[in-house]
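Some structures are shown below for you to check.
Shared chain: subunit A. Partners: subunit B in the first complex, subunit C in the second.
Coming up: the complex of A and B.
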């Protein structure tokens, strides 16, 4: 009895630093965001914050910009993640082949991941600029009209997605490539001996074995894409109209330009809920893949 | 006083004798020599010409001041954040902060009243143009000293206008007619460059253009053709966006869109001037201080070919240009031991010699009468006499951007709604109604009414 109590105490002592860290870094900020979201709180007004109840949340339901930003975020995540996954997957298979020179290419392909997203945004902004951009300069060399990459609603969204895809596809490639390298060769040999074609091997063996890696990369990239703000900040400021106003950008301008902390807090809470729920779906897939089928 | 004079004389003599006395340093007032005396001054500035000049000549400034100058230069929105966040600290991280004219209303509680320092140091503000000096006065308190106050005016290519027999544009109709003529005849030149990028740029364009129609963004008391900025009461805080003038403003934007260069929906302060400088458009709205971008660029087609007028107006309205620009202020939470140092640096950086020095490096602003009358300065910056004339004619006003704490929120809302009209995502009526509702909500939240 006393031994088990001692074991419990030891366990408690051992896990308490991690629990404290979790409380300080995760639970407290979320709790504080909820606290702020229930107040009228503006830094530009000397009046102290005052209790607002659910006012800020009610306002969210009436706010066209907020609803638009949710839809823009969803569109961006969908375009970027799909393209990154498809391209990353294809590149991983190319890198996995035994062709000469791929080693160097593999290393070089990782360079975009190492760049700061703000710098990536700035570089793409200048490349796609209608008046000074190098891409439009090339376009006009062939006698074509300049393309409004950053001022047309559809092109602006695609331009931001393009910058994101350029930067993060190598990361997807890296994870899938690592997973491919770890697959046991005998499984494929067994498949071939059973008479499976290469296509059948891909669909029935390779893809199911890669499933955990794909889910992990999807979770990481999806969470990252939902939080993306750097590219919008550098390239479009949410425009044209509200075509690229993703949720984090609207949250940022509300909280740190207009200094309406209460309202921004309510948006942050909604964003946390969305990201957590989304991540849960994927995490369950990893923990219990059979359930998800 | 005597001790101060002695110190100045000794520093002056040391400068003449010293091997490190630079040619640039020789033009700096004697009292500036060694103003820092081995100490460090921390300045929070804006990415506008005057602070960019300070960055360019940073080494020289430190040598002359005899200490370290920590110059933190930020974009407009980031500076706004930094000032408000810094105001929450017990002790300020900065000794001096740059304040834009309309922000005095918002920052007023966080800024030191400079009157005691002005009296103690016998500082004479009468050399500053009245409109610039008085712009930082609230309730009799001087909250800042003018460093780069300048108006948004209208620039046009005189050579192109002469070629097509066009007169300087005085109204919006003139602007649109001239732009159409030029676009029809010049293959590579568009009509007008302006701030149409989403957010603060077009938000500010909205309130300034609404001013062209003789209207302010909130329900201020009208005095003659202008508005009373000195006594804004809670009942004056009701937004006046969904009005005939607001509608005329957005319709003018839609008309401008037809005669604007490519990429206009992403164009803001610097880019519009650079496109104008390179001949991409025949006219541009411009903060006068930025005219150095082409006046000091020997390769710019616009150099020496630019005429200036105040903002063209709407029908039956007087010409008014918005006065804005930057002042140096001392935050209230500054370490009390550093107040004198901060004041001495303000005196130095806003001295006539320094203001003249800034014009050599790309800041065409002269808030001091003595500097704006200097022929060398005028030769470098042809815009300065035009701005002086506008000030004398009463064309420069600040009510278009009233100094109230919610001004940035107003600009943000208008910056989002107006852009949706330009992209065709919203009708003029819907955007105005939405902006009116959102700003009204902010005012109610702040309990003005």
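Coming up: the complex of A and C.
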């Protein structure tokens, strides 16, 4: 059955505007980023950009700050994601009950997810202040000395992770909770009839059935954590001494404070490659969730 | 946390009607209340700090009972930074509204086109659009900055509107597609017999039927555009600068102007929070994007 010409025209009118926009602002910039990365391209000098071959990429491999930013990013992503997943998962089970009022509490707990990340950074920056921050007041309540949350390298990393965990744990809870609610009751009944204990039901039935949702939420969170920059902007500006200089922050300052667009472009290409690999797994998962089981 | 019993699905047994609080139920309440307190506390800090006088803001130990002052809001609205927040607030509203309208418009068009027409490579187009969800803004900001500059669109509303539209398309297409698929094809066939063209069916029959989807995607797109900082700070300076750009401008003088700073933060966050609470039902499907079918 072939479609009429009118139908083909209608399909074209419906589909092409969005696709054109994405070609212009998503596909073309990837190619353009590669083009930029192969040039000496600085905004701070008047010379026109000139071809540099793989110079910028070679620089990356020798650049301690770049290597550091990769490891800082990896550390941040690991800490934040691990905590969010463990907490979010446990909380989904806490909320998975018909107890009165629990539903309202669950809905209230979702509020951080929608807050402007820049304000999240602002308020945690304020609360973690060494001299008058309220978190340090809690610390002193326990009899300890005030802590230099944002000026000690280990604590600064943990502080940024904490702000991220505050914002995104409810999201993980929401997704796992929704997945939990969508599981059919009969599989648990069957498990009980087969004489499985509650513990066995959890490990052998619930967990495997939740696996697709866990994988998806893990990838979404990982990819979003890799791009995180607002918290660093507000809380540490990459400091102290590069301890919180994640890849996006180094890329941004290279491009828009040192104006070395060629070099920033090579970092952008590296970042796009990393994220694309993650996205591949995601798209395969939602295209065919059975494969993940 | 170890006392949480993993009794997924057990609520189908009529336990909830007994309303007997066992230890585990107390544990649920306790954990849920602590979690909600943790989630809401920073919002309280933003609000209370914005209403404190300067001496109360820097007080140690922190003051919990204080005289409310509206001075911070006054200077945030009209004084701070020369112009106050108002021009930036207006820019944010314009850019949020128009980019949302465009994203939902173009997104529902392409979603409809891909569900109801046989398009060569249709599923590839669909997954291409989904995969743009993972484009890290910080990696795209270098090439897009040069493109926007070349087009003479730096510091214009149009630049941010187009970029935000492209960023929100994937979310819109993902959610709306499910709604279109749920419409019985017979309704549209009947309209066709009545002499509607394919595009008329889209506008007059299909779109009104997916109104809940349009609401969900509008809210989510609007919040994402409203909250966006990185692209805005690179692409705009004055004329089209948004609320987060204004807020970031404070960070140079931080430590001195906490009051107005928090007042702007409150203006940026609290409307969204109320929105989120009122419209939560609509948000959940959008937030669980791809994780729960």
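Basically, the second predicted complex is superposed on the first by the 246 of 293 C-alpha atoms of A that agree within 3 Å, B and C clash if a C-alpha of one lies under 4 Å from a C-alpha of the other, contacts with A are read in each partner's own complex, and residues count from 1 in each chain.
Here, a contact is a pair of C-beta atoms (placed from the backbone, for glycine too) under 8 Å apart; a residue touches a chain by one contact, two chains touch by 3 or more.
These numbers were taken from a predicted model, which means no experiment stands behind them.
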Item to complete: Determine, under the contact definition given at the top, whether A:54 touches first (subunit B), second (subunit C), both, or neither.
Response: neither
Discussion item. With both complexes superposed on chain A, which partner does A:190 reach: first (subunit B), second (subunit C), both or neither?
Written reply: neither
Worksheet item: Who does A:144 touch here: subunit B (first), subunit C (second), both, or neither?
Response: neither
Worksheet item: Where does A:257 make contact in the superposed view: on subunit B (first), on subunit C (second), on both, or on neither?
Response: first
Worksheet item: Between subunit B (first) and subunit C (second), which does A:170 come into contact with in this model arrangement: first, second, both, or neither?
Response: second
Fill in: subunit B versus subunit C, judged by how many residues of subunit A each one touches
C
Item to complete: Identify the partner contact of A:281: answer first if only subunit B is touched, second if only subunit C is, both if each is, neither if none is.
Response: neither
Worksheet item: If you stack the two complexes on chain A, which partner ends up touching A:65: first (subunit B), second (subunit C), both, or neither?
Response: first
Item to complete: Using the touch definition from the top, say if A:109 reaches subunit B (first), subunit C (second), both or neither.
Response: second
Discussion item. Let me check the overlay on chain A: which residues of subunit A are in contact with subunit B and also with subunit C?
Written reply: 131, 256
Worksheet entry | Interfacial residue positions of subunit A with respect to subunit B in the complex | 40, 42-47, 59, 64-65, 129-131, 146, 148, 150-151, 153, 236-243, 245, 253, 256-260
Worksheet item: In their complex, what parts of subunit B are in touch with subunit A?
Response: 77, 80-81, 84-85, 87-88, 106, 109, 197-200, 261-267, 271, 275, 280, 405-406, 408-409, 412, 416, 419-420, 422-426, 434, 441-442, 445-447
Worksheet item: Where on subunit C does subunit A make contact in their complex?
Response: 1, 4-12, 15-16, 19, 25, 27-29, 31-33, 35-36, 38-40, 42-43, 45-46, 49, 57-62, 106-107, 109-110, 112-114, 117-119, 125, 127-147, 162-163, 165-166, 169, 173, 197-199, 202, 223, 226-227, 229-230, 234, 244, 247-248, 251, 254, 258, 261-262, 265, 268-269, 272-273, 275-277, 280, 283-284, 287-293
Item to complete: State the interface residues of subunit A toward subunit C in the complex, per the touch definition above.
Response: 3, 6-8, 10-11, 13-15, 17-19, 21-22, 24-26, 28-30, 32-33, 36, 90-91, 93-102, 105-120, 122-127, 131-132, 134, 137, 140, 166, 170-171, 174-175, 178-180, 182-183, 185, 187-188, 198-199, 201-202, 206, 213, 216-217, 220, 223, 226-227, 229-230, 233-234, 248, 251-252, 255-256, 261, 264-265, 267-269, 271-272, 275-276, 278-279, 282-283, 285-287, 289
